[in-house]
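Heads up, there are several structures right after this.
Common to both upcoming complexes is chain A, partnered first by chain B, then by chain C.
Let's look at the complex of A and B:
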């Protein structure tokens, strides 16, 4: 192993040895500039977009490079699969490399089904709300303060949108094959690998005769580590190669197709297989320029505490609950939405405090051109900045009313 | 180092109680801000052995920089011994039974063998550099997230053995201090409270001398009050009763505010 380098705290520039992690502090001289990433406004961390701009907003601006996003699947795995496709499509548009692993569908099938990005010149029939933002159209290309306003349509014909952060996709069309071909994609399809797994000599049994992880997970981790090392995401290649981010999408980990009986039994025989895999994955991510999205069918896992442990081992965790097939589908309260979204965990990375959302009741809706996430209920307005005197209209009337002689009462309150 | 927490615990870097076993536990929230406090507290004068099993060194280094302590300098001087669990674990997890890598993480290879390797690592590093061991104060052991080893297959009994051995070495023999973070997931009232991390937390609470239990607000999520901390001193042989205090807290960028229940500036 190389000697530890003392690069944390100094202006690191582009140096990334395999002993430092990908969390780079914002250095004064030059930032690591990779297309499709930007430093976070909170702590200067390098973040990428998840492909869904409203999800980026909800998890604090984006997904930090070197972290893991866990998505707890909805019952029919429709919206979580959609989020995985958005994530990979964003990688294609930004020019990142992709790594897709699945036990169910072939990775090339998943890549062919990616939604097509909305190009700028046909973006004119955009919804009205995006055009009401006041913005200087002659401003510089990349806005560092008002970056969210970058998504206003500009007159451009080429797909020169990699300077943007976060794109919109049209789910009714699939991505052009030429764009897909341009992206470098590594796939891991378990049935292809299981042939090699069973033919290789069995790992020597430990004292109790039981290895900590089933072979599928070991094969996945080994393959992922090999790809990261070969392509130089952990800094092992010389500096002449320009830096890029690897987007890892792992579909339905923990399901029975991976050889894990976590979802099938109350007392699984490999109870800690998935958690060990997630620990290894965390170690891989922290030491390379990569970001991972993992979907887990949590509704099949009986043990709530185990789900809690899985969430603890991931950095950001989001749970989806769709209304399809449940009685909520016809409930008028939820008629505008397709499901509920719960942000279970947001990481604190390199800082004590993270940006907490002010509201945790969120619902999502998948429209043709946008996956929107909105708040469902308004919480009580309890914050240090709220001015209590200005709510005098209603509060004053309430005080009058409660004193028993609310004669000059408010038109809203009638005692 | 959080000044308000120092006054709550009646300790300061110049004078703190020796031989303490401090247990930090949390339930459905994140108590790692207390670990950063204790790390910067004890690095002002003691030798610290830190087992960072869930985060990388640069994470702790970045936070400690804001709290005024440089981990890189401490590590170079020999004051801080840092085990980076994530970095060492990959080699052990993927290479099977080759004997490269530190034996400290042997439990990854074979979870039933327990945490003996980890204890040997800790023991060796505290005894090392005998000539300079007198420069620092009594040694301190800190473990960030002992409950993650339960997720990796180690049994609760093995973890309790490890903490018992460490307590015998650090607290009784060397009159140092131990700070351990344990995370629980389940609600306390659920029936399956015999789950691993609950048992671990109960076992460690029995062994320790000071606990700080962190949990979310019982009334729900609030943006300005991040949770509450219950500090509990266990009675010692000099007859002190068990003392409990409850505070609410809010984590800020460079520190944490602690206040009595209901006196948050957002409410008043």
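Let's look at the complex of A and C:
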């Protein structure tokens, strides 16, 4: 495995430049070359893009084929749904096959709502920060001594990697129906399947006497296994047709609409149902050329230990917290962003350590042409009463600005 | 926004009315029924929910899409039906909360009814159950007793189809004829940080040395010619992102001796 070379002097703001290398491994043709995938520069795994380039950067380059991405939904399921749509749209643009399962909306409705790709993406969209305004020495923002740095952004907040992988989408338009039709899509809508589910006999309880999974989960796993086997993603078909990747999107697993009372009760009767499903799903993914994105309404789950187990069973886990409807909406600290993003877990695939940007305070903003994830930076606090203890935690830092710690500030500077 | 939500009749809407033991939401529900609905068909599932007497009008097991649709078809001239459930809490006592959520979703999407309005007593259920039902709802109205004795407070959250979220908090009271009067709209409850009124202390005051500039000193400072100060055109030329290659721009200074002649011309090699 060749070591990735670091390109010196490429990044102005990144301290870790491991992801900003333009190194492309020269592939011997033994590796499968599937459109829309590429080998990762860190560990050589085949990775696909999640559809959002900033999210790719934050989880270490992309989503490895055969792994599972968990997204903990925000309170009104707006941004997690958007991420699911980005994921599926990326599949359509790259030519992958899609599998969508939902208990709430029909999969064809979800496919029709996909954002349309911005297809002239040879030139990257212009970053917002460097607007070339005409040099005006009388303007209030112009600097008289350091004027060469006038147009540079004050803080390097945008995260990006140098080699482009993935596409950009325009959220205000939906994808052309022709492009959607060209993509092969398998759907699983639970109310349509529940008629067949209720007629089949309930599975017998397991030998240990624990309650079985709700029939919805069993039906989902069976359907998925059947699709994977029939379409040959697990290598069952002979090598006549070219290989492709199956993108699986499962919307709102664990919610009450799947028949699971994980979100409704403090002590759910099928406590292990969702974890068993994720375990079975991961087994299916590891043995086939597929990648899955699962959204879970974690804000409804009362049992925190269960949420920990669910996170452990998925490979990559990302939690979204949106400011909409909460009191944080009016906080001036967060006025540029729509919510916070927390990377809970990243897998170590065939390696001991994974390389990630080390900043943990990330915030996202959904713009029309881009879903940006940026480092949340606080402006330096120059008031006298602030205490200069450096510690992490945004809430603590936000509070420090308005209240003084310890004794009242010294009003006299004595030398 | 409370009145808009109660009178709004968008198709596929699911309005959830939450109350607690300190203030009952049934009055609001009754006022809605009296003002907004034209014809009321009442199905009594309270007297005999489990069908023990054998001839009950509506049992709790009939709360499914098929049975509700047949009930609606039996009533004459049924179009744009609004289903009002006084107290989903009684249904939640008999059924699994996940099953109730699935049936509510089926009713919402089924097309048999246009709007579903549901009253839930939040004290009677676990937080997860109420949360799951809230997750399904398009509008949520939470009523609580008013603090200043004027009436009750209603917090309304409304989610439109495009994903926009609107919130409002209003004080209202219900009159004798079951109409709702909105007293005041409380301002959006933003938690503003209370900025304590500390005057910014000027650090340049009370020092043993002088850090301030007098006016003449300031003018002299501004008149000082800085090195590497270029003309405006040159600055803007430098600030535009060029083709990327480096260029050397040389402007001879006053001290430079820029002689066009090659000084080595007289060398004879």
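Criterion: the second predicted complex is superposed on the first by the 295 of 415 C-alpha atoms of A that agree within 3 Å, B and C clash if a C-alpha of one lies under 4 Å from a C-alpha of the other, contacts with A are read in each partner's own complex, and residues count from 1 in each chain.
Operating definition for what follows: a contact is a pair of C-beta atoms (placed from the backbone, for glycine too) under 8 Å apart; a residue touches a chain by one contact, two chains touch by 3 or more.
Owing to the predicted nature of the structure, the values given are computational and were not obtained by experimental measurement.
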item	value
First (chain B), second (chain C), both or neither touched by A:351	first
Which of chain B and chain C A:116 touches, first, second, both or neither	neither
First (chain B), second (chain C), both or neither touched by A:266	second
Chain B versus chain C as contact partner of A:329, first or second or both or neither	second
Contacts of A:147 with chain B and chain C, given as first, second, both or neither	second
Which of chain B and chain C A:76 touches, first, second, both or neither	second
First, second, both or neither for A:54, with chain B first and chain C second	neither
First (chain B), second (chain C), both or neither touched by A:218	first
Common ground on chain A, meaning residues reached by chain C in one complex and by chain B in the other	383-384
In the complex with chain A, residue positions of chain B that touch it	28, 30, 32-33, 36, 54, 56-59, 61-63, 65-66, 70, 72, 86-87, 89-90, 93-94, 96-97, 108-113, 148, 150-153, 183, 185-186, 190, 192, 195-197, 221-224, 226, 251-256, 265-267
Residues of chain C touching chain A in the complex	96-99, 101-102, 105-106, 126-129, 131-132, 135-136, 157, 159, 163, 165, 167, 188-196, 198, 200-201, 203, 206-208, 226, 232, 235-236, 238-241
Touching residues (chain side chain A, partner chain C) in the complex	76-78, 103-104, 132, 134-135, 137, 144-145, 147-148, 150-151, 191, 214, 255-261, 263-266, 297, 299-302, 324-325, 327, 329-331, 383-385, 402-403, 409, 411-413, 415
Interface residues, chain A side, partner chain B - complex	6, 8-9, 19-21, 23, 25, 203-204, 206-208, 210, 212-213, 218, 221-222, 225, 271-272, 275-276, 279-280, 282-284, 286-287, 304-305, 307-309, 312-313, 348-353, 356-358, 360, 382-384
